[in-house]
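Here come two complexes built around chain A, the first alongside chain B, the second alongside chain C.
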Partner chain A sequence: MDALVLQYVMNWLVLGCIYALVALGFSLLFGVLNVIHFSHGDVVIVAPFVVLAVLQGLVAAMPAATAGALALALAAAILAVGILGVIADWLVIRRFRRAPAMMALVATVALGTVVRELIRMFYPQGSNPKPFPRLIEAQVALGGVTVPVFSLLAIAVSVAMMGLLFAMMRFTPLGLRIRAVAEDRATARLMAIRPGRIFAATFFVASAVGAIGAILFASYAGAVRFDFGIQLGLIGFSGAVIGGLGSMLGAILGSLLIAGIDVLVQATMAEGASYRLVFAFLLVILVLVLKPSGLLGRPAIEKV
Partner chain B sequence: MSGILTRRRLVAAMALGAAVALAPVAVAQDKPKIKLGFIGPLSGGNAPQGLGARNGFLLAIEQANAGGYPYTVEGVVYDDASDPQTGVGAATKLVNDPDVVASIGHWNSSVALATIPVFDRFQMPVIIWGAISPKITEQNLPMVTRVTPTLVTENKPLAAWAVSGLGAKKIAIVADTSDYGTANAAAFGQFFAEAGGTVVSTDLLPVGTTDFRAVLTRIAGAGVDAIYFGGVITEAGLLRKQEGELGLTVPMIGISGFYDPEFIALAGPAAEGTMVSYPAAQSNPRLDKLDADYTARGFAEPSSPYTKYAYEAANILMAVIRDKGIEDKAALAAAIRAISYDGVLGTTTFDDHGQTQIPVEVIIKIVRNGEWVTRE
Partner chain C sequence: MAAAAPARAATLADRAIVAAGEAGGALILGLFLLAEDWRLITAVLVLCGAGFALLELRPAIEERIVAAFRRAPATALVLGAAIVLAYPFGMQGNSYALHLLVIALLYAVLALALNFQLGSANIPNFATGASYGIGAYASALLALEFGVSFWLTLPVAAAVATVFGFLLGFPSMRTRDTYLALVTIAFGIVVHQLLNNFDWTGGPNGLVGIPAPSILGHSFARPIVILGQRVPAQANFYYLALALVALAILAARRLHNSRVGLAWNALRGDELAARCQGIDVVWYKMLAFAVDAFLAAFAGSVYAAYVSYISPDNFTFLVSVTIMTMVIVGGMDNSFGVIVGAFLLTLLPEKLRIFSDYRLLFVGVVVILFLVLRPQGLFPQRPRSYGAS
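The block that comes next holds the complex of A and B.
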């Protein structure tokens, strides 16, 4: 394959996979709770900051064990952001269970601003961009071009997470309960499933998966800033909408489409870079007009 | 209820008594009090530039207060976060504060272009210390002057040097879509072509872009001798980092917009060899003294290349206020334009558009071993 084309394809796949990890959270939460969690992007972007903080603390404590420290930092960040998602639900979103969906939406927009400004206030020099390390620096030759191992890792991790998520929904008791609550909250309660616990579990899973996406995003870009969550969230949300909110497969498809348009426009159009997101969001409008339920929306596939 | 009221009254009476007792102390300073405004990016990706400039501004005021200036000056500092809306909000606060006599402002051209109509409408003299779009002084608003050279004067020698000194025949231009980025792309493109080079592509990306790989891959395919970046720090750092990773080893050049240590921190080892043109300050004892004073003052933030411009702008304001008083703003603005001021930048005079006439000599700064050094 042409070396240039291969690089474009790698770029597309990595971006698409990262967006998909965020989009999955939107889709999952909408499917189970019927709520659009607009602060999802801001919640998950906390993860790279936790990684940096833990990493700095650990390296200061014992300078030798860098690989172990990194693994520990990643685990801590994913866990912390999963819990943060549960806290966000418990503090804010929970209060709007019986309210019209619009109210929860507005509340989460506000919550996103709060989370963003808290990062800025409490992380040292929080307004400035923070260099974020590459998880793996090595490169391999692939089809005549050198490809960073990180890109392959990002794709592999994303695919593995998607597989795990599907397996969890399909084959575990928790997945069964989540699907039951999503299908019919009242009947699920009659079957001795406590929706409150299921909601908390869903928030944990969605936020933790998103945290992985955010860490990969920061590592791929090479930096993280308190406001990077806005665009990441917006793109993830758009991916979920294009695919059909509530459909996990749709979220993945939608994210790949958005990343594809993004890369294609920049690669082929003169001055395309200025309009990269214009085309991505045009697609959102187009899908909403022609098929409001999204490409793989509820009528086509069981909602998860 | 009445008991509480009585207690409140008692507290109020005591407070009043205390105020009366302390009043003579408070007015012991007989110098009239004035305020000067500062706006710049104190948060966000360009904060290092703004913070250094703010410190220069505050240092100038502290030195004036300590040095027998006829007014007691207080600096009022606002953050524009590199955002035009936030900047206009800050400018509105300044023009609505009756104690603020004049202001200095802005590193981002898009913010300056948004606020100068506000300053002009409310008749408050403003000196631009860091924003370098030519449009700012082209409008010739009577209240607006600028102590920095425009990006035209920075791009022209850089383009000439890129062709003759660096030997670049084909170049790719990347910039952001702000006023600053588009003006840079246009100015550099024009001067580079005039100098005999070929601009292969021009890509403008929105501020806040984090992934440049698609554009860079295309540029790599086109085979260029160098990449010109006409944006600011965060994007410059990410662009350079991703360039290195795609195996694009051609030099990256630009103007002073990302001449900042933060750029090196972001790009990491990939920053090596990046070159920017930077207006060389005519070396003089006053500038050396400023550097020493800045260090002695012990600010939390390091000085930025714009510290001296903000310092100079504040001193020019205080010089004309000393001569003309604080009442007639039009006279103040006219006096700024008429000034011939010997300071840290050399001798500043303004043209009929309020643009500084200090001649620009550009030096090339290059990243070597993780530090900006002057390229010989």
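The block that comes next holds the complex of A and C.
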């Protein structure tokens, strides 16, 4: 029984970390740009496909070096998706900076469709699910229970990424500028900060962090399909919103909460797998009814 | 209707512009519906694009057309009614074209329903698809399990969906903007997932064999024959859906010119200011949700009876997003624009089938282009006119 509980706890942490990596992107982009980047899920799900493609190319070229090839493929995917995020901003989202929030939202939904269809068309047999390898197959004994190393790795990588992101926002010049633009775009301009560059940098960081989440997600699920990004994006978005948009800690908390109910329902209910989304989104509604601006969000006080 | 009292009597030129506008619109739609050749379809699309580019460059032309319609409302109404009533007979018995028209009209109802919220009051709602589904399932279950006549299921389904609409409106008391959008997204997903999992809704297989309605002994599954002219059975539902659109437009006009419409517009302008003016913000928000659900459920009932087979996949989150796109592309708070948006986004993916694999990609690109090139929507909302034009 203990082994089972530990396994569920591990699943919860892995899933929570994956969702958090996606949610952080939403929160970061909303904090800086005040825009909901609804295609975020679709953009980041490109990463596992890039990994698969690069891996295939490299293995065909030199069948020996698999570990090196994997590392190279991962790096290429994260970089490519980061750039893809910047391109998405430059091509589409940039044009809706001054428009009402709903316009940008609908435009990014359409952008998500475009990205999804591009994956489906340009990846060979893109409509079918593609098997995705576990990054590490090994198991390790932990207190008398065997735990897949992948779970530990996923948690470690996620925590490291969150730490890096926090450190970047707090201690680097780039983080300082991002926070300045988020606080007040016009004043930041007066301080010789170019908002355009900061937006591009934010999109790169958010997309690259999300790419890591998407790769871990594909590896956890063992497969990836062109439309996995819809659900991953929706859950990441929910995590960011119930945590309180703009709050990075909130995004992590919200994601852990959603992953928690997801795993709990699957563990305790007979038909848990088919009801997991029902309970996850009922939780979302409940949280927002009780805390209308999220768990850690600043309450909206309007001054006249 | 305030515009019914024209400041100046309609001239012959006004009437000519109205007639040309309506006939031209009907002709383009017919051409687009019946076209099989991809060159013709592309040509029609380019023509429409050029038309909107002209309007964007020369706003005076747009003003002139709008003024003509305002000054000659009777001509516009009579001619428009004649055209839409005769339309199925002009489809050369093409049942596929008629089918597209029925679906487009149902989406027009849904878009008009959402327009009460999104357009009038600027409340985001991603759950119109869910209300549509609740209406369809309620009507289908009543007909299948209890043998209730379609005409009785209509109001019952609408009542059921309205109750859910009020429930959904409940969180809107405190949550706003993005947070409220997420509540509606979550509601839509919960409804879809429950329809997918319950046994009594048929699970993922949905409900099959929903009976077609009949009126005065004429079954809607049979073709219409008038004066020796025969039109396929889809025409029955064309007229039913048309009646629903007419009802929705009438409701939209009446509400727009009532205290309710003014209150919604005030909410859109500034919620805090509206509250200070003594507008019961919570009540009007919940009312917007209820009106949306009510109309969407009507569309759902008609859809269920029309295709006689419904499954949860007809009512996903993406359906709600499509309806939202129709409202925004067409023009918020402008009934005509919203209907055009619904037709465009229903017919475009179908007609782009010739591009087979690329069609969703094209739709996405076209939507983005429309939003970038004409950001207020195809037909932007117009200021209220109180008699003076």
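Some observations on this one:
The rule we apply is simple: the second predicted complex is superposed on the first by the 297 of 304 C-alpha atoms of A that agree within 3 Å, B and C clash if a C-alpha of one lies under 4 Å from a C-alpha of the other, contacts with A are read in each partner's own complex, and residues count from 1 in each chain.
Everything below uses one rule, namely that a residue touches a chain if its C-beta (ideal position, glycine included) is under 8 Å from a C-beta of that chain, and two chains touch if they have at least 3 such contacts.
In this text the structure is predicted, and so the values were computed from the model without any measurement.
Contacts of A:263 after superposition: chain B is touched, whereas chain C is not reached.
Of the two partner chains placed by the overlay, only chain B lies in contact with A:8; chain C stays clear of it.
After overlaying the two complexes on the shared chain, residue contacts for A:146 are found with chain B alone; chain C is out of touch. With both complexes placed on chain A, chain A has more residues touched by C than by the other of chain B and chain C. Of the two partner chains placed by the overlay, only chain B lies in contact with A:273; chain C stays clear of it.
By the touch criterion defined above, A:129 reaches chain B but does not reach chain C.
With both structures placed on the common chain, the touch criterion links A:222 to chain B but leaves chain C unconnected. Looking at the shared chain after the overlay, A:96 reaches chain C, while chain B stays out of its contact range.
In the superposition on chain A, the residues of chain A contacting both chain B and chain C are 120, 271, 274, 277.
Considering their complex, residues 42-45, 47-48, 81, 177, 201-206, 208-211, 213-215, 217-218, 220-221, 233-234, 237-238, 241-242, 245-247, 262, 265-268 of chain B touch chain A. The touching residues of chain A, when paired with chain B in their complex, are 4, 7-8, 11, 15, 120, 125, 127-129, 131, 146, 148, 217, 220-223, 225, 227-228, 231, 262-263, 266-267, 270-274, 276-277. If you check the complex, the residues on chain A that touch chain C are 30, 36, 92, 95-96, 99-103, 105-107, 109-114, 116-118, 120-121, 230, 234, 237-238, 241-242, 245, 271, 274-275, 277-278, 281-282, 284-285, 288-289, 292-294, 300, 302, 304.
Against chain A, the residues of chain C that register as touching in their complex are 118, 122, 124, 170-171, 174-179, 181-183, 185-187, 189-190, 193-194, 196-197, 272, 317-318, 321, 324-325, 328-329, 357-358, 360-361, 363-365, 367-368, 371-372, 375.
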